[in-house]
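Each of the next two complexes has subunit A plus one more chain, namely subunit B in the first and subunit C in the second.
Let's turn to the complex of A and B:
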């Protein structure tokens, strides 16, 4: 039981990092990254390859690109770097002023293509079988029992999660975060205010990609296996549902959403008596997750904990450019759903106290 | 030489499939302004319906009819009965995309729950082999290509020569002005969902008959090519989708013949990337940013 609890907590930390990364893109910057899981998978794959060693070892039963024995924190950093680079490459194509829903469908199709290629090309990622026997970091050096190791690894994950939280809170509150929200709420006004819209979106996209890579790398070093089939496109929407249910652009809300949807919901169903063939409950879970998103999109699109309205102390200077941007601040929660003329829009004022 | 003929013959077969799917997809976008991400799963659902029907009837015409009616019905439910309330609540484009993708997930995983583990296999449709140069094709494949082309010509005649088609094109160009001119735009939209949904269902039947084995994600594979074809043709333009579909079919069959079938997806990806970088007209924000969804 202790083993199970620590495992669930580790997965919670991983999902938190991923959901916050997606929320930076989707919630703060308004990028509809329907391919988020691809960046997590890329980070995970990189981390496993650089810790597995040469592919001819162990009789060469699995094939992959590269392969070396990097010491402990380096595989994670490598995963983050590769995911970030991939995000930069994808962003350079997909973030080019496409309409929101168009951007979403292009990214979704890229996600489907990535899965297809990964499963078809044996030499690249060992095909549908994927990689296994990925070593746990520092397992020999610490000399702990496997249960003790679980809790130590949980501590490491919790440390990373806290770090990511502090980092994102800093970003959200910084001028950079304000610029992101300005771009999200009114691209034209932000551009007129002198903001480089493409660069801002690109930066958010790459930071989110790096966080995706981090979550993937930490997860793969815990589960010790990587297969294309466990990083399919629906995983993105489990995280997106967490963001929508919890409340976009609200770190605490997203955390609650993550604990509610991918963790509590998916874990609790494991204790249900099994019905039908194995896998039936898994399929039905996804149907319910889709339904949950529809329900929230209709009745409470801003989530359980909506984005807080931020107020700024009055300042004598610098109000000309940013004033126009601030006025559209809360329009975003209305823009995704919310009845026209709702209280959100009505209350939207730029007036500083 | 024989490789070239093979590629062209099979390219036309798969190109007509992609083209007919892309016409339905792009019509939905052009006239209702909804990018329907559930299009792929609806194709899969049509395959499942066709599979069930083919247990008792193996007549191709009956299967196509059933698939078309099913696709029209489910698309109408999605586009009008489900999306209507969201639009009236003020859900914007991105919100609609999230709704359709989740509807797609629900359809896909419901089908997975019905399917159970393992692939299903479509009953073989009776037909006899025909030689075209060195390529051997089945008469049922030729019939399916003929059906695709007939439907594309029908769409062309509908859009070009009928009052309804004129109303559709007007609604696509400017919904508000069209309503002001007395065009019943909401009825035109409902009709568009029915017609494009029927094309989607027919695409599913053709895919099921021509591939044989299928599962709950089969439609997504074709959806990649359909989106690529729509992007090549300029999204929202049925004629562009026809050309894009044929181009994609020929290119992907050519890739499969020359290199490897596994690279089909890579080619689709490359096509999307090249078009987005080189000619994003028709999909760039400027073209469509001012358009609104209305019911």
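Let's turn to the complex of A and C:
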């Protein structure tokens, strides 16, 4: 049981990092990144091949490009770097002219193509079978039992999650974060205010990509295997649903959404008695995730915890310069007190334009 | 007064249709120049061309002697030319105060680098801008709405937010696209008063597209009349109202 709990918590950390990364792109900057999981996969594959060693080492049963024995934590950093570079390359094409539905379609197709290429090109990352026996970092050096190792790894994941949280909180609360939300709300007006819309969208896209790479790399070092089946396009929608249910552009809300949707919901169903043919429950899960997105988009597009309203202290309060410039009501009370008009307004933009 | 904006032989074509066909006029400093004409005359396209929101097929736009043609929207904005839109273009999910902050000139403080490595400087910068924004908001009577989402305001209030936002940048030229459209008369009066007060300082000039002739004759010292993509005439409002060609253009539509 302790093994199970620690595993679930580790996956929670991984999903939190990913969902926050997606939220920066989708919630703050308004980029419909339906290919998010591809960047996580790029991070995972990169971390794998730079820690697996030469492809002929284990009898050559799997083939892949590259192959080295980089020490911890270099594989993770490499995964982040490659995912970030991939995001820069994809963004340079996809973010320049495309918007809304078209942007979403192109990125969704990119996700499908990426899966196709990884499966067909066996020499790249071992095709449909995927990579396995990816070493756990520092497992020999620490000399821990496998259960102890689980908890240590959880600590490492929690540390990374906290870092990502602090990093993103800094971004979303800054004037830069407001620029992203302005671009999301109204590009023409943002450009008329002297903001370079393409550059801002690219920055959000690359940061989100790097975080996707981090989540993939941390996950692969934990599960020790990675195959195209682990990163099919629906995985992006599980994260997107977490963001929509929790509340776009609200880090706390997205965290709740992540715990509710990809973690609690997908884990609870494991304990249901099996009904029908094998795999029926797994398939129904995706149906329910799709339904959840629809239900929230229709009735509560702002999510359980809506974006916080930024207030600035008045001059008389003397808070200027004290570091408490940005005060915001708790999201919960804001959601209760929001006038009827505001939920209508939220509805109008949450729908894809 | 000297010429601050000189538009010469401007042509904008969209798939073979010449929306603007060889337009030439000048705007003088410290004044509001009116741009009028029947629907479809190409007035908004001229505004869009100056703001680099549409591509020019030919022609030149000189702002204080410098060529603007070929720049992107944000580069034009950074040279001190701000604009408002025909359909009001506020950031609906940003508060009124935040909307104004988005008009502040971009710099290191609102960049990614500023967010990560210069948080303290960014906060100081923001505090200054907040003060400036509050001043503008109290000037146009929106002070108590600063925490409201801009999407919750009325059409006229959104227009005031837009005009105030464009003033955050210390812009020296404003492009106004029908500032009175869909605004109730009382608020319209307030906007007109606000615009008059702004140009009276002498540092700000404007080019205003407007259908409300009373507003144009009240505010604009010089009027450019367009019809079917070209300039019909340029002169004072009295000249324009006497001109037979202008009457014909409006009747033909």
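The criterion applied here is as follows: the second predicted complex is superposed on the first by the 312 of 353 C-alpha atoms of A that agree within 3 Å, B and C clash if a C-alpha of one lies under 4 Å from a C-alpha of the other, contacts with A are read in each partner's own complex, and residues count from 1 in each chain.
We take it that a residue touches a chain if its C-beta (ideal position, glycine included) is under 8 Å from a C-beta of that chain, and two chains touch if they have at least 3 such contacts.
Everything numeric here is computed off the predicted structure, so don't read it as measured data.
Colleague: With both complexes superposed on chain A, which partner does A:203 reach: first (subunit B), second (subunit C), both or neither?
Modeller: second
Colleague: Once the shared chain is lined up, is A:110 touching subunit B (first), subunit C (second), both, or neither of them?
Modeller: After superposition on chain A, A:110 lies in contact with subunit B alone.
Colleague: With the two complexes superposed on chain A, say which partner A:45 touches: subunit B (first), subunit C (second), both, or neither.
Modeller: neither
Colleague: Scan A:120 for contacts with subunit B and subunit C and give back first, second, both or neither.
Modeller: Once the two structures are laid over each other on A, A:120 reaches subunit B alone.
Colleague: Once the structures are superposed on A, label A:186 by its partner contacts, choosing first (subunit B), second (subunit C), both or neither.
Modeller: The second partner, subunit C, only.
Colleague: Which partner does A:99 contact after superposing on A: first (subunit B), second (subunit C), both, neither?
Modeller: After superposition on chain A, A:99 lies in contact with subunit B alone.
Colleague: Under the stated touch criterion, which partner chain does A:226 make contact with: subunit B (first), subunit C (second), both, or neither?
Modeller: A:226: touches no partner chain.
Colleague: Which partner does A:290 reach: the first (subunit B), the second (subunit C), both, or neither?
Modeller: first
Colleague: Let me check the overlay on chain A: which residues of subunit A are in contact with subunit B and also with subunit C?
Modeller: Comparing the two interfaces on subunit A, one with subunit B and one with subunit C, the shared residues are 339.
Colleague: Touching subunit A in the complex: which residues of subunit C?
Modeller: Subunit C reaches subunit A through residues 51, 53, 72-74, 77-78, 82-83, 85, 89-95, 97-98, 101-106, 109-112, 114-116, 119-120, 122-127, 130-131, 134, 146-147, 149, 151-152, 162, 165-166, 169.
Colleague: Touching residues of subunit A toward subunit B in the complex: what are they?
Modeller: Answer in residue numbers: 30, 32, 34, 93-94, 96-102, 104-106, 108-110, 112-113, 116-117, 120-121, 234, 237, 240-241, 244, 276-280, 283-284, 286-287, 289-291, 293-294, 297-298, 301, 334-340.
Colleague: Okay, in this complex, where on subunit A does subunit C touch?
Modeller: On the subunit A side, the touching residues are 167, 170-171, 174-179, 181-182, 184-186, 188-197, 203, 207, 307, 309-312, 315, 320-321, 323, 325, 339, 341-342, 345-346, 348-349.
Colleague: Provide the residue numbers of subunit B that touch subunit A in the complex, in ascending order.
Modeller: It comes out as residues 35, 37, 85-86, 89-99, 101-103, 105-106, 108-110, 112-113, 116-117, 220-221, 223-224, 227-228, 231, 235, 260-263, 265-266, 268-269, 272-273, 276-277, 280, 283-286, 288-289.
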